[in-house]
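Each of the two complexes below includes chain A, the first together with chain B, the second together with chain C.
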Partner chain A sequence: MPYTAEISRSNPSCFVFLLDQSHSMIDTIGDAAVQQRKADVVADALNRLLQELVIKCAKEGGVRDYFQVAVIGYGAGAASAFGGELAGRDLVPLSQVAIHPMQIETRSKKVPDGAGGLIEQSTRFPVWVKPVAANGTPMCQALQHTRRLVDQFLTEHPDCFPPVVLNLSDGASTDGDPGQDAAKLRELSSTDGNVLLFNLHVSTEGSQPTIFPGQDAALPADDYARLLFSMSSPLPAHMRAYASQQGLPVDDSSRGFVFNADITTVVQFLDIGTRASDLR
Partner chain B sequence: MRAKIATFRAAKAGSTWKEYEDAAAIGPRRYEEIPGEFDGPWLAAAVADGASEALLARQWADELVAQFTEAETAEGLAEGITAAAGRWDAVEANYRQLRDEQGEPIAWYEEDGLERGSYATVVGVRLLPATTGGAGPLRAWALGDACLFHVRADSLITAFPLDDPALFTIGPALAPSRPKNPAVIAKHVVPLSTTWQRGDALHLASDALACWYLTQAAEGATPWRTVQSLDTDNDYDTWVQDLRVGKLLRNDDTTLLRIDIQ
Partner chain C sequence: MAPQRTSALYPNGSAYVGALQHPQTAFTDPDLRAGTVQENVLGFPDPRSGNFASVFKVTSPTGQWAVKCFTRQVEHQQQRYAAIDAALNRLEHAALVHFNYQPEGVNINGTRYPLLKMQWVDAQELLRWLEHHHRDQEKVFHLAGQLVDLVHALEDAGIAHGDLQHGNLLVTAAGKLVLVDYDGMFVPELAGYPATEKGLPHYQHPARSDADYGPGLDRFSAWVIYTSLYAIATHSPLWTELREPGAERLLFTHDDFLDPVTSTAFTALRTLGNTQLAKLGDALVSFARSPRLDRIPALDPPDLLGVASTTIPTPRTPGPDTDQLPDWLTDHVPQTRATTTSSLLQENDDHKLPLQTFPGDSRLMAARLAIVTALLGAAGGVSGSRLTAINPLLWYLLALTAVLLVAWLYTRHPQVHARRQALQDHHDAKQATSKAHQQLSGAQHQLAEFEQRCRQHQNDFDTTRAAIAQKSRDAMTAASNVLRAALQQISGERTALGDGSGMRHAVLARKQKEHVGYALTNSLITNDPPEDINTLRTKYLAEKGIRSAADFTGYYVSDQGGRGERTYLRRAGGGSVYVKQIGKGCAANLVAWRESIEQRAERSAPKTLTAFEENWVRGELRRQLDLLDQREKQAHQQRDGTARAARAAEQAAYAEQDARQKRLQAETTSERNNLNRLKTRAESELKTCRMHQGRREKIAACYTDITGTRFLQRMAWMARR
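Our next item is the complex of A and B:
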């Protein structure tokens, strides 16, 4: 059965994040009260994803290398977007990602106060990539670069849980139709299944946020949304089951596509053992 | 009440013993003067399985089984979890102090897990004093998918709390060391009330072994005989490795606590 391989230190999987750093990411999204540049939205989303992945694999005294991680930025070409100590590196063991954020910011978040209200609380926010908005959108080049990285990883780990590639973009490719390169990437496989390509679409189009839509779902009225949806892999059964447990309305045709919404659920899709969760 | 006790442990393949996160205990310990030979008015036993994604999972599993097996007979599992959780701040403080002493300060990625607390599944059983010759009340509780199997006259008479291998998931109910709402714990703890008899065997198992056990039973096999036949740690280790190689047993910490009531 596909997508059941154990993820372990002796049989790690990999995560490749593609980060759109093109000029169009300077546009802002959000409502009148909170406006954010798309570049800030995807950089925050990526840093949060890396934080979640590190915490998921953290044990006393260290982070277990269940994954290798690459962050490929595309704008002026397609290359590693890691900053600081990791600058220029492609696939990096997760333990190295954990100990080398560029900085750890303090941010505030609203949490329940236990009496039906919300209070502000400061929280650690490690940063590995900074927002960038310049140049074109060479998404095809980024997908080709990713294919080479993933192909090499699969040669070294032929029985791994299939690599997950997550593209964070507004979808406006400037070097051609990325559909074919996406299909070639999805064709790569381990003995446990094909590479999974997911997309987070950030858009100024004011449609409702959408998470893991199926073929019958109303997609945003945006050509780029349709393109990125069509490039996205169907969610494997265990991921649909987890999403369903979390109250997300998924069906057999749901794809790994998220529109203007939180995508950190993707990290929880990966099974490294019993999840830590509170009783409800 | 006299019983022979045997505890077997196998760490997840690819992990070290230091990373083993199950725990098993019997009590009260004062009635086990000779290891493996229990002789006392009542007996408590528990197995706990620390969650992979939690920090200090082994310590929490240890706390849970120690609390359950050393508590008074009237204490149920939910009260035991709450009592153990009440000591968790001290456990965490000790760990932080140890790290300081070792010159290894807590890293940012550990803080989140430490603040959240730890998690484990747990199953506990109490054999209360005999009410008639060679028989008495048996009370058990479980939270999550660590299981108790009750064998009598070469038959599996109770599988608790799960009785179907399809019910094992990677998201079982878990005992929290920092409960957000302690009142919820009792709602999730599953109780069992039955009787023990002289000659019965009880097998407490963490989830990987419990799943194998139920799979075998569902296929008409007799896993309790296999479990009863294990003698040495080496037997157990070899047997577990063989099952893993044959993909009959999930690669996980694998714990068996066997009680033969005499």
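Our next item is the complex of A and C:
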């Protein structure tokens, strides 16, 4: 059965995050109350994904290298978007990612104090990438670069759980049709299954947030949404099973596509180690 | 963007890490609210995560707590934990931790989620512990002993952990074993609930399915862990020999259980020369082959210390003693008649499932009753009209109803249902296998096509290379031909020059010709007139430019088309001229005169070269030879230059080809790797499908006796009793 390979230190997998840093990401989304630049939204989502991955792999004795992680920003070109200690590096072992955020940010929000009132509370969270919004959207280039990274990784780890590529974008590629490059990327396979390409689409289109839609789902009336949906891999069976266990409406045709919603769930659906195959 | 809670999705790890930065608002338990959460190097709450939860350490006024926050929802979690709590409290085992389930224990963004507050166990996970202590035989044996004790206690209480594996077995600094993570635990009160998980495969029986949830759930895992610990204790190098560094398992992988014959681990256990170990391994193989979990015996190894002290690493020789199972095992491996390598390695039929029959239950009684009724009805129908007042049709109706009832009882019989299911499963498995087969041939075909393309590319390259080489050879040949022609020419010229005699002759000839010419020019007709050439004729001759013997060469006579003869003199410079009063006779005289002068001059002409001329000839000869040498050298140079250019062009063309080929090769290597991985994937898929099909086939075979005939026979048999 595909997508059943063990994720372990002796058989790690890899995660490549693609971060749209183009000029169009300067547009804001959200309702009148909460307006956010798309660049902030994706940077935020990415930082949360990284944090989630780190937490998921934290064990007794520290964070384990179950994954190698690359963050590729695309705008001026397509290159590592890591800041700080990790700047310029492509695939980095997760334990390194864990201890080298670029900085730690503090945000404050009002929370119930338990006595009927609200109190201001500040929460710290790690930041690996900063929002950027400039230049074009060379998504094809980013996908090609990713293909090289992933191909190399697969040569070294032929039996790994297939690499997961997570693209965070508004979809407006400026260097051609990314569909082709996406297909070439998904064609790569380990002995356990094809590379998984997931897309988080942030859009000013005020449509209903959507998580893992299938062929029948009403996609947002947005060409880019359709494009990114068609580029996304079908959800592997075990992820579908988890999704429906968690109450998400998924079916056989559901794809790893998320529209204006939280994509951190993807990490939640990953099994570290292996689980027996019936659940999948 | 705020996370969309479109479903009952539980908070993820980062949500907990965020919230737990403020225990006083995150927790509802006053004790935890007053606590501090352990932080990592970056100052964040420090989680330990599994696939279902993250565990944080909280130090509160009352002690140290492990707080488990759930990231995936589990059905009936609260009831489950209540039941587990009650069961474990009855048990009170030292290797178990107390916990307190708080259904609304933690507050994430205004929503409350459950948490589990446990005693914090200051311990290492089993694998980390073994990393440090696998060479310490006593410690490992001690741990194995604790495992046996714990497993017995759970077994006796009808409890199963459900996910017995290294991540849930902690070892304290004092070497005390602690079992954690009770999410998937079975306790008798939970009978009827579904399982929540199926455990880590490297510890699980191949046949464990979602439906397995009961007291025997841990038996196989317990044997796996015990055997691993025992093997490590008696032969610590196995720790590194059977595991890649960092592998998330003990000595066995799930594949070892699926295919014990090719398993390195089982082979190692058998061949180490430790009888006890070999037998443990063989027992595990036999358990792995059991088609059903519930047929595996509870962990019940022999006296540990006794075994420990008698670890005799003598080479294992097949003998009567090794063919016998130890007493403690004979009960557990009922059908393993002999544990010799060969017998165990054969795919044995020891685990043939029992043939299914119709149990003598109430359904059979009902069917019997119905049959009796039918017979009565039929009999009543035949005789009814005479014996009773009831319409025979009613009798027949009664009989028919009874027959229908039997049929209904048959089709609704759980065994029949089970048979249908088993056949369906077998059919599905067969289909899956054939699909996997197709996939594999697809992958193989793709690979073959690819290799064909590669060969084509290689051929193209070879052709291009051959063309390049040919072109260069052609250029060389052409240059050599040019050279050869030039050399021939030069050598001809050199031969012609020889020792200079040719040139010498030429010079002499020229000199003699000059001498003759000079004599002719100097012989003026006026000075020495030939016969018959008088002054007038001399004058006429002079008028026509003929003054000396050098001015004419001969004559001819023309009849002018019949108008009379006319004599013409041939001029020295070409052409002819008519001279008045010069007739045939005069012309002949003139020519004779000239010839006599010429002959005289020829006779008097010099016969040798002067020293000066000789010198000149020698110099000229040298110069000419030098020139030839030079031309020869140039010809060689020209050839060499052309050859060099051709070779350079060839090299450049090759280099270009090399670069192209290298690029292509990189691409093809990557593609070939990918296709090979796809093929491997299809192969293992097929293998799994086949194995699955085999199991399904065995199960289906058990139902050959579940037929209508058997049903009727069984009824009749019951009736006879």
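Just so we're on the same page, the second predicted complex is superposed on the first by the 255 of 280 C-alpha atoms of A that agree within 3 Å, B and C clash if a C-alpha of one lies under 4 Å from a C-alpha of the other, contacts with A are read in each partner's own complex, and residues count from 1 in each chain.
Here is the rule we use: a residue touches a chain if its C-beta (ideal position, glycine included) is under 8 Å from a C-beta of that chain, and two chains touch if they have at least 3 such contacts.
Owing to the predicted nature of the structure, the values given are computational and were not obtained by experimental measurement.
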item: Partner chain(s) touched by A:Lys56 [first = chain B, second = chain C, both, neither]; value: both
item: Partner chain(s) touched by A:Val34 [first = chain B, second = chain C, both, neither]; value: second
item: Touching partner for A:Ser8 - first (chain B), second (chain C), both, neither; value: both
item: Contacts of A:Asp151 with chain B and chain C, given as first, second, both or neither; value: second
item: Touched partner set for A:Gly193, first chain B, second chain C, both or neither; value: second
item: Winner by number of chain A residues touched, once chain B and chain C are compared; value: C
item: Which superposed partner A:Gly88 touches (first chain B, second chain C, both, neither); value: neither
item: Which superposed partner A:Gly117 touches (first chain B, second chain C, both, neither); value: neither
item: Chain A positions touched by chain B in one structure and by chain C in the second; value: 6, 8-10, 51, 55-56, 58-61, 99, 101, 104, 124, 126, 242, 245, 271-279
item: Residue numbers on chain A that touch chain B, as the complex places them; value: 6, 8-10, 51, 54-56, 58-63, 98-99, 101, 104, 124, 126, 242, 245, 271-280
item: Chain A residues within the chain C interface of the complex; value: 1-2, 6, 8-10, 29-30, 34, 36, 41, 44-45, 48, 51-52, 55-61, 64, 99, 101, 104, 111-114, 119, 121, 123-126, 151, 154-155, 158, 187-193, 202, 209, 211, 242, 245-248, 260-262, 264-265, 267-268, 271-279
item: Chain A-facing residues of chain B, complex; value: 14, 19, 49, 51-56, 95, 99, 104, 107-113, 116, 118-119, 121, 170-174, 176, 179-181, 184-185, 187-188, 207, 251-252
item: Touch list for chain C against partner chain A, complex; value: 1-4, 6-10, 12-14, 16-18, 21-22, 25, 40-44, 46-49, 51, 54, 71-73, 110, 123-125, 128, 167, 170, 197-202, 204, 208-210, 243-248, 254, 670, 673-674, 677-678, 680-681, 684-685, 688
